[in-house]
């Protein structure tokens, strides 16, 4: 199933907006993870604007698809997707990391549209397994549980406990997506902790594996479509999405120094202009430049 | 049901009462699911499996996953009871319990089996002395330790009625009966089991029975001990603690756990803040609890009724001698 | 080294002092090894990596393994410093710390980074409020929270000198200087930083500086506050606690952590057992600590000097009104 | 390298003695895990009486091989092997699980010859990895670290964290041994949590894998010899030993009910006689029959 030209354009725009808003929130919130937010922009665009069966008007709809962001530090991109999808006003994004604002990592009690709370890596797939088991009990056969993991995150043993159980329970309503951006917090995976042969690991743990270019909307969509409608046959499926950490901002690409670092207002402005150029959009800078500078000086030294 | 002859009685072990109550609750609560990590015939969660085989989920020896899956089930409308030994809940899966369950305040009920000293003879790695301090420090978590089987059943009913995460302890031991079959448990409420005027003995879990025995010993020495059972450790009954100590002027706490940061600490916190009074804490004194017979261990760790009585005499003496500024 | 301007000073952040001290200790102790779980440029354990690249071990994002490997290194004669954020040590790897390290009393030094409130803006899952209660309940474990950079360096030296497991905290924040560069730290010894006669403020970690500021505020109201710094939380200086409160008659504790079971509880335990006196505890009151600016959060959680001063007035009033039986 | 006939006979006897003593200790200690002790009798016999470079007279010898019993509930068999090898008197075995006696699980501070303390499953391989790293630093090139795991134990994520790191660090001085006895505490692995395809899992985590009949002394010895001298080439190695849980006592074989259950004195007597018959030894019953009955009645009801 190819995307219609309109849909393709919409998804491309959404991915672009998710990138922009992630940078804006992190700069204005003065905290956050740029690299891992930018690497999954296309994944979230396809999920939230095409694949997920959800209803922002009825966020508790029992048969909705669930998305668990196990790499919860990617919250800026997720919050952006949720706001763009209509769960809450875009303006709320600018409360990111402020007291009583959007939480740095995910807090489902604070923010509508979030399915879980997170922060510590490695725990989300277990929760997704529990949801998949629960939904199967409810006989919500059409519902799917998606879980996005970081590549570095798969160092955590908890991930493999969950993987083993998902296969044991034949959870073909569960789709894991690894944002395989090759970089963890402090360097490349192969330097810090090699995870290869990665496909073989998942296969040996009983999963179907599909590899995909994680920035190719068409490919992602095709893979997710297959995962939902064609492949399920008594096994969970993992989509290994080959991505570029920091995708869209040259300086941040594959650069662990931009894993977690908030750009100051001027840098954010530069990044946002670069993003516009990269994605062929009208050049636009940081929308909250002045407020951001004031906020930075107010909190200086903390 | 296997029975034991503690104190000459032939009551079921507490873990059997646990299994039985699970089955009873499961009858009314069709959304209850019991999960196990390869220990269900020890914990007796297996009684639920037998009664409702399709509401039982086995996850193998993987406690992190056990609690993560429980969170996922709670998020899809079930009331999960992820069951394992208390040490493995407390220590192996603390991050999952804290962040996947307690932080979002999910409706998960965590039974901690094999607590404190009477843990068959498995020894230090299995004798859970940390759970009271650890569970008490998690925001949103409720914590209870039952004084007998009827108390446990009441706690389990209250756990299901409370919307949110609960941790409750199951002693691997046969405790003497203290409460009637229709006993009611309320979160944050203690029970005065015996009134007295010289000293208050605050017990939780199996140590309440030890306190009652200690009160008899003290009686023989003409010391009038009040015994207060605080099964609800969090929230704790601040009012009853203060009320009782206002009356008696001194207190002993007794818990089947480390005295660091647990139940004794909770009482010390309340007294310090509300009514300072001489206090002693009975429990495991910052040591690992090795293998051994139960009574040998209770003696070794100074947790016998006679130890409680001695502590009571000590606080009483301090109350009398108290230098007032 | 990046500097911050808290209180107008330009001192290094405590994590820089941590990195620097690691490097210094590494010079004398050739068997020191620093391990990291993908956080070394945040924790500043990376300074050790830079100085001694072959005594640095990266284990990736796998904290259970981090502490297990540390145990194995200790068993082959090394002094490992397995370094990660305090939440991940405390919660993700508690079983490994307890059984692979504390139980056999291995010579492992555990730095807990990013403790309590000043944890950049990462929020509830990263603001470690549980570690004091959790680490304190493990037998054999020593626990310390430094009042400033010189205190931290002294604690780290004492950690290496002590044969056995140690947990020490590193605040992600710039603290005002309290101690001289050659400061000595002794396990189980506190320090009277300011003498006073009306109330004792017991501080640990970054909250000691807040206590000193509170004492100034109280002074302005003609209240004479004694300030005692207890960096060594376990073992704790029972004698100094009692000595000070015998003199002042009431106390406030202040910790950058949950008040359940942690430092405040430790002081409450001692006072209850040795010298009952009115007490209040300042710290996180059983809530998750969300994202936010540091000062916003300190205000939100009632941990500012003014909050300590208010608590001091409250205990003082209770001391005066005290009804004596 | 085949075993000499004398060595073979000695190892066979040792395995038999390990089995007998395990049953005696568990019965007299009134607690313990029979199934997982009996399944590794041959493994321990070959290790402690032929393969391990150790010196009971000098238990702290820096270049000794290390054996980490990750499945620490198998302590009876290990204690028996240590006592038989001369680390401490056989009589000490009869203090098992008594206060101030041998600890139910392993406590290295209490018992000479133990290299670690344990109890909770899943942690030992990490400690072994740390030892292997430490020994490599000391340039003890001839020293090996062995780690015995249960099959059910490999459900634990911590095992896979350690496995990943061992491969990342090319620890060819590390040999894991899985006592693959097909049964965990409460049933068969395939019922409770399937671990197959097991060989593929270890391979995908970067290990060399050798499978062996875990009751065939010759095969075990050959495999361990290969593992030590022939195969090491920049990778850790796992020996998957196919065993029978409860091996030697018909009623306990592959029977989870004898995973953890202490036989009473009479049952122990019956088991010990059966063992003698099974292994062609002179029939001999429970050596502490009377004392055991007295002890049972002393502690009755606990």
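For clarity, chains are labelled A, B, C and D in written order, and residue numbers in each chain start from 1.
Convention: a residue touches a chain if its C-beta (ideal position, glycine included) is under 8 Å from a C-beta of that chain, and two chains touch if they have at least 3 such contacts.
All figures in this text were calculated on a predicted structure; none of them were measured in a lab.
When chain centres are defined as mean Cα coordinates, D lies farthest from chain C. Measuring from the averaged C-alpha position of chain B to that of chain C gives a distance of 29 Å.
Chain centres here are Cα averages; for chain A and chain B they lie 41 Å apart.
As a whole-number value, the distance joining the C-alpha centres of chain A and chain D reads 45 Å. The multi-chain contact residues of chain A, meaning those touching 2 or more other chains, are 107, 117-120, 122, 155-158, 161, 164-165, 168, 193. Counting partner chains per residue, chain C shows two or more touched chains at residues 59-60, 62, 64-65, 87-88, 91-92, 95, 99, 103, 124-125. Interchain contacts join each chain to each other chain, per the touch definition above.
Chain A makes touch with chain C in their complex at residues 29-31, 72, 96-105, 107, 110, 117-122, 152-153, 155-157, 184-186, 189, 191-193, 260, 299-302. Considering their complex, residues 87-88, 90-92, 94-95, 98-99, 103, 124-125, 129-130, 133-134, 136-140, 234, 249, 258-262, 264-269, 271-273, 276-281, 286-288, 319, 324-325 of chain C touch chain B.
Residues of chain C touching chain D in their complex: 57, 59-60, 62, 64-65, 67-78, 80, 95-96, 99-100, 103-105.
Partner chain A is touched in their complex by these residues of chain D: 122, 155-161, 164-165, 167-168, 193-195, 197, 200-201, 203-206.
Those residues of chain A whose C-beta lies close enough to touch chain B in the complex are 62, 66, 107-109, 115-120, 122-135, 137-138, 157-158, 161-162, 164-165, 168.
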